[in-house]
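Should a chain be cited, it is by its letter among A, B and C, assigned in written order, with residues numbered from 1 in that chain.
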Amino acid sequence: MKNILLEIKTSVLALILLTLVVSGAYPLVVWALGEAMFPHKANGSLIVAKDGKALGSELLAQSFTSPKYFHPRPSAAGTGYDATSSGGTNLGPTSQKLMDSVKAAVAQYRAENGLQAGTLVPADAVTSSASGLDPHISVKNALLQTARVAKARNLSAEKVAALVEKYTDRRQLGIFGEDGVNVLKLNLAMDGIIDQ
Amino acid sequence: MNNLNSWMQLALFVGVLLLITKPLGLFLMRVLDARGRTFLDPVLRPLERLTYKICGIDPAREHNWKQYTAAMLIFSLVAMVTTYALLRLQAALPLNPQKLPAWPEHLAFNTAASFMTNTNWQSYSPEATASYFTNMVALAAHNFFSAAIGIAIAAAVVRGVARQTMSTIGNFWVDLVRLTYYLLLPVCVVFALFLISQGMIQNFKPYDTASLTEPYTTQVQKTDDKGNPVNDAAGKPVMIDQKVDTQTIAEGPMASQVAIKMLGTNGGGFTNANAAHPFENPTPLSNFIQMLSIFAIGSALTYYLGRMVKHQRHGWAVWAAMTFLFLAGVFVLWRAEAAGNPIMTQLGVDPADGNMEGKEVRFGIFNSALFTTITTDASCGAVNCMHDSLTPLGGLVPLFNIHLGEIVFGGVGSGLYGMFVFIVLTVFICGLMVGRTPEYLGKKIEPYDVKMASLVILILAWDILGFSAWASVSNWGPPDPVTHAVTNGTNNNGPHGFSEILYAFSSTTGNNGSAFAGLSANTPWYNTTLAVSMLIGRIAMIIPIMAMAGAFARKKIVAESVGTFPVTGPLFATLLVGVILLVGALNFFPALALGPILEHFLMLTGKLF
Amino acid sequence: MAAKTHSIFDPAIITPAIGQSFVKLNPVTLAKNPVMFVTEVGAAITTAMLLVKGQGHFGFLIQIALWLWFTVLFANFAEAMAEGRGKAQADSLRKARTQTFANRIKGTGTESVAAEQLRKGDVVIVKAGEFIPGDGEIVEGAATVDESAITGESAPVVRESGGDRSAVTGGTRVLSDIIKIKITSNPGETFLDRMIGLVEGAKRQKTPNEIALTILLSALTVIFLVVLMALKAYGYYSTVDFTVPVLVALLVCLIPTTIGGLLSAIGIAGIDRLVQKNVLAMSGRAVEAAGDVDVLLLDKTGTITLGNRQATEFMPAPGVTEGELAEAAQLSSLADETPEGRSIVVLAKEKYGLRGREIHEMPDAAFVPFTAQTRMSGLDVGGASYRKGAAGAVRDWVGGRLPKEVEKHVEAIAGNGGTPLVVATKEKALGTIYLKDIVKGGLSERFERFRAMGIRTVMITGDNALTAAAIAKEAGVDSFLAQAKPEEKLALIRKEQEGGHLVAMTGDGTNDAPALAQADVGVAMNTGTQAAKEAGNMVDLDSNPTKLLEIVEIGKQLLITRGALTTFSIANDVAKYFAIIPAMLLGTFPAIAPLNVMHLKSPDSAILSAVIFNALIIIALIPLALRGVRFRPLGAARILQRNVLIYGVGGVIVPFIGIKLIDMLITMIGLI
């Protein structure tokens, strides 16, 4: 019994001491280093307008529905693109609900972009991302939207396609991950808010 | 799967893992030796000595298995109670810029158990529930402790195997302190900085608000003056339009927490979407390093095992068996996800894209499949895609990985000590076939050892099957918002709903923490039973394993000859894999048959629920 | 009972075994085997379910119930068969224990008492023609004894007081003379009683390995119980109603009934196989230890070399022809009845054509026997004296000097591991006889096989190091202990054990007892003293030290058989799942059909086939369990590879084929 009390005392002291180190000193050190070395990234990679107003984060998707914008992937975060409530649909492969929504999304995507009968819809365009905040769409998806956006903006398809190319994040170091088009940055670039 | 780039990423992953195994293993040799010297000594030795002095620890005194286990349990319990208290008192504590309220009892219990046991099952939605203080102090501290404890237990087991006719297996406090200071902290500082460089946040500011370029209108449930949701006479929620013109961006000290979350195979996300969230896993490179960090320590421990028992080829044989199981999982999962969902194909979705539901574009099919396999091979539980939305066979892989006991590199430490049980079983079942009574590294496997090993397998099966069976005949979910009828909380119907329940208790028993997240488990019944299954899955596993470690330390080592059961080479690795798969399949085939396997065949016939 | 093997299908054993199978259904006795106990409970539940409606159609249910009962009966039968084989041997032993009376010394006279009334310390007198009433030591006299009841060896053996040949066994018969015996064991504890107990398996205790295996099998049984109960609950969720008989059928198929049913039979059969080699193991543990042994201590004499040295060469002194030497050697040995002496005569005759002369042909010849004082033997004939003996003795006899050549020969022979005998007349040394230790044939190949299995052989000899090294080299042992005294033997065993080795040895003398007790496997010779027999954990009735090698092989074979059948049993479950799980789901979810990889006809036939296979496999494996798997002396890795392939991979594949065939058969003959 005395031993147990002794171990409890050691436990409490060790808990306090170690917590001070791993929960106090450690995050502060990382924070200080982060602020010094990567302040933009450490603070959310925010896109700030000239007037100082935050427009979003480079890394987080926002809702876009009008024809003149590229549309991000469907989102199940909160009521949609809610950056305080990230998440997916959590619907499984035999879910009626999922297939209903995919079916609707397919129909909408085909209609919006005037897809030919034989053209298949890119999977990422009609499925919700894991976070609901996926900043990217596939290049295939973006190119299928290019004609619509160009038409809505009275721009040449080539010009839009060039922008798509510019805001495509290629495989990192040529190997890692997959290509993706950053929708928010692309849309803001087309609005002239960030560099074209 | 005929994607050259993906194959290259896989080869690179296995190659780098192999490359870091030896150096990290050698470093572990030093950290886990109370008198070991490291290059960090000038900075950390004084801190280590100070810690011993304040806490009254005598680093020269070793524990026997009972003392070691008791110290571990007492420390864990004290830490768990502390976390429970901090969660219940969240509203009164600092670093809470969003003014988040205190947690209810069952959720606090569930979460305290979850983080203490290295499970990091999250019944709560982090951005909306946890303050910065909660994340940093109540939760992230556990990420360090539970990881250090896991490695410490593994080290104690390895010492038990390596020593002969001794009663002690190391000093728990020394292992805890040294692992935290010399291994986890330094690696995490570097790792966290790397993560920030990739775009991960690390700040203490309140949530940011961004103005939307294109505001929109959405429908939300109406709330009354007190903030309670309003329903109409029929019980249906009253929906009202809401204009959305801003996006609130959650912030916080994420990088420091994510570093230890991955390295310590904790897996508890800073955000609800976990490693799928663009902040929490910004780039494919951050994804690659995060995956690597899950396996790093588990892989190094196999080298440590080989070194300690002076049988390096045995360590590599265990490594090879783990790698084989890992690759097998990757291939099944990758193939299943790449093949996509035939029902979606019928709706006109391009099958070449695979199943993108619940996946992120920057990771794609392959990196999602790889991450999912890794996170469930290990008991990490971080996710970079939504497991609930995997194809049936794709979902089978993480589920089965957990059922195998998460011994493929595994949770830090727990992977190796879990593997130890399977090694003992393999040696026991197959060892007789060489014509000698079974022995592992010169130590005879006796009834006591088999009893303890059987107990571990029994607890694993009982905890998962028992609780999931109970849950599947109960309705532990939240009441239906419309009808107020009791529900089982599943987000999907048919076999997939069953998979959600099975996955939940598998994940908690295995101390994994990932989920078929559709299950609404934040209810008193689920929170409590899940917490209990986590505690059983951790403590009731560790005790018999430590008892075996103690028994092994006392044994005499029998000389090795060509007549000895070989614990090296491809044959042993194959047998180990065979026994692991067989035990896993025998225990869980019926459950899997009613979940993912049945769903797979139903999906092929186009059946929806 | 010596080397009397029973055919596996001996009706004398099968018939009572069938009866025993039913007797063993008694749940109280069956409870010690958790796997079969659960099977029996399952069979009982299924039988009871015949009365309950809605569990399936009657023809199907009754067949399931019957086959479940068969499963238990088959397992019982396997055990009864193994025990029956022992019993047959025990019966022949028991005949030796027929009512005997003993003449117990009381005061100055004797009294006649029943053998059962004898206690330790009693002294009895046994005359020619009488049975020895109990185990004991001869305290007075010598006699020839017929021990065939125990050893099966019909040639009588000599037993005499004092020394290492004083032990007698109860139930053996005195053929000549009168002896006084001090009884050394109480009734019921005699050697014969123990033998009977051992071969019958009645006193069989589970070995640690069997206990460990039983724990594992019980754990698997409990796990499958949980699996099945969970399955019932999962069925509720999935709206599938699994009936009790089907769940029981699946349970029985999954729990390791094959090994559970055969485990004790394997153990009994292992001891039985030793008995057939005329070796009695005092415990099953000893048999297992024999499998673990990795150092064999082998006495040179009798084990490695033929008990006796043989003359192989005559090496004459300068000025003496080989023929002269041969003749002198022959003369000196004519009356020498020792094996060495005979071999000299034989050599002289075979190599030098000297006609064998008989001593009675030479009436004036006087035989000079060997004495400890002279250390020579020989013959005085016609005034000439022929002597042969150790070099030192002969040197003294001829006047203190031997020719240089002779001394050289003596040294050379000793250096080669031989024994030099110098032959001389009173006048001069004639030359040297090379007496050679003859290494038994085929030993070095045998030791080679042991080396392949990782077993080291150590020769123990009283010879000097030089001689020992030469013999060790010829025999192919790994090392030797020369000029060994019993204490050194004990020390060697301790040293090996400290190095983590398990040691086996044979011994017969009282001074071997400590070493026999210390060794992990100590095989006492039946001709040895009671002390030696008590100290060892095995007794070789043939008193053949070479048998140690066979004992090790039998030990290994026992362990391999147990491991192989365990692996086979567990591996079988994969196919059973594939037979039964689809069958259970097919009714509610026809989509699951592709999982029925064996294309079994119907759900009912699938379940029944699996249950029938599960029962029949026990019967099919009884011969293997009793005979043991074939043993090959190979390294562990190769044995393992082989056995894993046969019993592991085979264990996965065989039931797929078996269940399919049974399914075809029962649907063809319309059982389902």
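Just so we're on the same page, a contact is a pair of C-beta atoms (placed from the backbone, for glycine too) under 8 Å apart; a residue touches a chain by one contact, two chains touch by 3 or more.
Computed from a predicted structure; not experimentally measured.
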item: Identity of the most central chain, Cα criterion; value: B
item: Per Cα centroids, the chain farthest from chain B; value: C
item: Centre distance in Å when chain B and chain C are each reduced to the mean of their C-alpha atoms; value: 52
item: Inter-centroid spacing, chain C versus chain A (mean Cα positions, whole Å); value: 74
item: Distance from the mean Cα position of chain B to that of chain A, given in whole angstrom; value: 25
item: Junction residues of chain B, two or more chains touched; value: 495, 602, 607
item: Chain A residues counted as touching two or more neighbouring chains; value: none
item: List of chain C residues in touch with chain B within their complex; value: 208-209, 211-213, 215-216, 218-220, 222-224, 226-238, 240, 254, 288, 291-292, 294, 451-456, 499-502, 555-557, 559-560, 562-564, 566-567, 570-571, 573-574, 577, 581, 585, 589, 591-595, 631, 635-637, 639-641, 643-644, 647-648
item: Complex contact set, residues of chain B against chain C; value: 425, 428-438, 442, 445-447, 449-451, 454-455, 457-458, 461-462, 465-466, 468-470, 472-473, 488, 495, 497-498, 501, 556-559, 561-566, 569, 571, 575, 578, 582, 585-587, 589-591, 593-594, 597-598, 601-602, 604-605, 607
item: In the complex, chain A residues that touch chain B; value: 4, 6-15, 17-19, 21-23, 26-27, 29-31, 33-35, 37-38, 41-47, 49, 53-66, 69, 73, 77, 79-96, 98-99, 102-103, 106, 110, 120-124, 126-138, 140, 169, 171-173, 175-178, 180, 187-188, 191, 193
